[in-house]
Each structure stands twice: as structure tokens, then as C-alpha cells.
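Let me begin by handing over the structure; questions about it come next.
Chain lettering (A, B, C and D) follows the sequence in which the chains are written, and residue indices restart at 1 in each chain.
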């Protein structure tokens, strides 16, 4: 799962800008989330429902390389590189006119809101990711 | 600079909540930023003016341990552990009723917006941090 | 119900600022919402549960008189002036150092999310408001 | 200037949702702002520069008719109906699949940030609006 093949596109809005007149550093994580949600939707899930569990973020990281400004048209790529029994890692790139402006990852877990505990990644969820990532890279 | 001694307190607002009815993962970085700005102000600076330069974020990281909810009263600690010639690392903890809910860091750089390039950390800035962190830990 | 007696206080955060380095006009409505939620909590309700119904906003209005800046300490007053069978009007003022910076109102309705329709304001809700506003003005 | 002919389109993002899992009422004003900025850009201006002045909002109003949800594709129409010497009124509609979900207006002023006072609308600005609105309705 080396390459990142899934992507969405969006345009930087005025409400994404901070007091420095560029996109605030936290909003890169909002862009990651837009891509993550679209990815999950693609394989039949949402952050609020992965085989009945919620998806939570255990860790988030972003490396910033270029500023983003109002009306910038950006592409957000994401893919899943690594899956463990209770955790999967999603990788992200934000690209503007062919240039990588930011790279990051999130470590995600499945959470049972009833039992209030982290659960193993559901088998069907793992299979769908493997199938999707496999096809994406075929 | 092992301990984190500077802190601010704030209350989780409804606009910090996401569609899952808890604080969105990107907003933990907003909380970090509130603390960072207060820290900089304490030593006479702002993100927009560090001896004439701007402060930018090169990398941001957060590990999430507990959810945060509406009206939660939280403490955000921050401190500077590491300084290199062009980069300093700020560490953060978000604490609710004595429990660490999140931990993270940002790597920060000084940026010359005129020349459009990263510059060495100004000597006076380094001195003020060392003086502040020294006192904080005395 | 002429006077506005209920209020909360908060401090302008960096994430409230827009690209003009002052509080964005939409965020005044976020401040109104903070006060509205605190008011509802005071009388035993939340926006998500008013005798089993949700509270929705039918109209919102704000008149802006002064800019708000980072770290401004503001007071947000709110009260309910007018109640009809299906609608109540909440009034707001944002005050900084004794000066009114903004005034506005929201018209609010109770919504049955199951039946997907607006319902009459519950009697107990009306009574609690009348009791609270009466006491507030006694 | 009766009809509203200028419009932009955008997709509701996850960060537009509030704790009720629909678009928060303040974010309708963010959508208005996106349209307003696009309109101003169309006639050669920005909120930060109208013949050297800034554009500020004196009043904002929105009437809500339908909820908006994640991934909703919406059209935001805007136009200028009324111009006085120091004030112009912009009207907005948010439309989803042909249905008006919200309507509102903002009253806008030109502000001299140096002199810290409201100024008359610049002649050239008035002319450009009249020309644009005239053409739009021809």
C-alpha cells in the first residue's frame, strides 16, 4: 500500500483562513478529514458507523510545506498503509498545482460507544480496505 | 526543560464540537494555539511578530487520550523543550480534572514574509525563552 | 420582559478571528449561541432537548457596532422578550468594557425530529421561561 | 435590481456541521460570505480593498427554511438591491435542488481603517455595481 491513489478536490474558503490571511494549521486536519470521510464513504462506511462502531482518532500529524490561500484549488490524497488488529494508519497529501503543500497521517481506532472501549477492527472493514487498496494499486 | 509549567484555562464551547457531539480532533490544535499565543505574549511576542518575523508551524502532532465535551473546563499546558538554530519545539498537554486528555507538539520556525524564507531564530527570542523556561523550572 | 439580565462572559480566542484579524461576523452568532445554551441550561434545557423536542433557529439577526479583537473580554447578555404559540424571540447584546458592540435576536422554534415538523412550545417550557424572566426582572 | 443572478456553488463539508449533525446556523453566514467575496471579485474588489477601503458588515440577517447536511450541493445566489450614500444591501439565497433553504441580507459599509471611520461608498464602486447589476438583469 505504498501509493496514495484516492483523492478529493476542494477550494480554499474564506472561513478556512486565519488571522494571518492563510489557511490555519488546524484546518489542514479538516481537509484530511474531508478526504477520510470520502474514502470511508467509498468503501461503504462513515466515521460514525463502521460496522456499528465509531471511528476515533488516536494520533494526528501534519508536516507543512507550503502556505494555502483563498481560492486555492487543492487535491487531498489519502490511503491506508498499515493495519494492525486495533489500529489503522491513514496517510494524506495536500497538493496544489502539482506541489505537495502538506503531508500527514492519522492513526484511527474503532470505538464501541455503548461499551465505551476500543474494539478490534471488524473483519469486513479490513477486507474492504484491502480490496479497495489492492484495486487502487493494481 | 523537562517539565511543562506554563498553562492557560478555558471552557469547551459549543462551536468546538463536531458532528459527533464532542470536540473535533482539529480543535485540539486550536487549543494548543491558544496556549502558544499566551506563552509568546508572556515573553513579549506574538505569532505575527517575533523580532519582526512571523512564526510558522512546520509540523504538528497530537495524541488523543480522552474525549472533550461541552462546558468541560480544561487546562492547556505548554513549554519549549528543544531549540535548534532554525526551529523550536513546543510541547502541549490538555488536562481535565487532573487527567491528561491529549498531548502533542508543534515544531515552529521564524519566517521572513518579505524575503519569503525561513530565518535563524533571533538571539533575543532564544534568550527570552531560556530565561523564561529557566525561571519556570527553578 | 424588557431588560436583559442573564449573561455569560468569555474571552475572544484566536480561532474566532477571521482574515481581517478581528472577530468574523458569523462568530457573533456563535457567541449568541453560547449565551443561549447557558440560558437554556439555567432553566433545565438544552438546544437538543426541550421536553423531548429540538430547538431550531428560524431567523437570526445581528447589528454590529464595534469590532472585537483577540483577548477581548466580553459579556453576552440574553433574554426572551416575546413568546408566541410556536415561536420565541431571544435577544442578545455583546458588551465590552461597558460598550455595546453588537445587538441581535434569534427567533426559535421547537422541532419534532421524529415527525419532522414544528410543534407548539411545550407548556412547561413556557412556564419556566416566564418564571425565570419574571424573577430576573422582579 | 429585483432578481438575484450571481451565484456560486459549493458542497457542505464536515467542518460546517455542528453538534446536531447539520450545518450550524452561523455557517449560513459563512456561505453568504463566500458568495459576497466571489461577487466582489467579479467586479474587481475584495472585502479588504474597495478603492482602498475595507468593507464591513453593519447588519446581518438570515431566515432558515431547510436544514443542510453533509455533502449537500448548494447554490448561493447574491445580488445588491439597494445602495445609499454610505450603505449597500446585499441579498442572498441558499438553494438546494431547486428549493430555497435560506434567505438573508447583509448591510455593508466602507470603512477607512486609517481614519477609523465609515466613508461614503466610492463612486467607481457604485458604478461598477450598477453596471454589473444592470447587465445581469438585462
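To be clear about the criterion, a residue touches a chain if its C-beta (ideal position, glycine included) is under 8 Å from a C-beta of that chain, and two chains touch if they have at least 3 such contacts.
Because the structure is predicted, anything quoted here is derived from the model rather than measured.
Over half of the residue numbers found at the subunit C and subunit D interface occur in both copies, marking it as a same-residue contact. Greatest Cα centroid separation from subunit C: this falls to A.
The distance from the centre of subunit B to the centre of subunit C, with each centre set as the mean of the Cα atoms, comes to 32 Å.
Computed centre separation for the pair subunit A/subunit B is 24 angstrom, with centres defined by C-alpha atoms. In whole angstrom, the spacing between the mean C-alpha positions of subunit B and subunit D is 35.
Shared interface positions of subunit B, i.e. residues touching 2 or more other chains, are given as 14-15, 19, 26-27, 30, 33, 70. Of all residues in subunit A, those touching subunit D in their complex are 10-11, 13-15, 27, 30, 33-34, 37, 70. Within the complex formed with subunit A, the residues of subunit B that make contact are 19-20, 25-27, 29-30, 33, 47-48, 54, 56-64, 106.
Those residues of subunit A lying in contact with subunit C across their complex are 14-15, 17-19, 21, 24, 26, 70.
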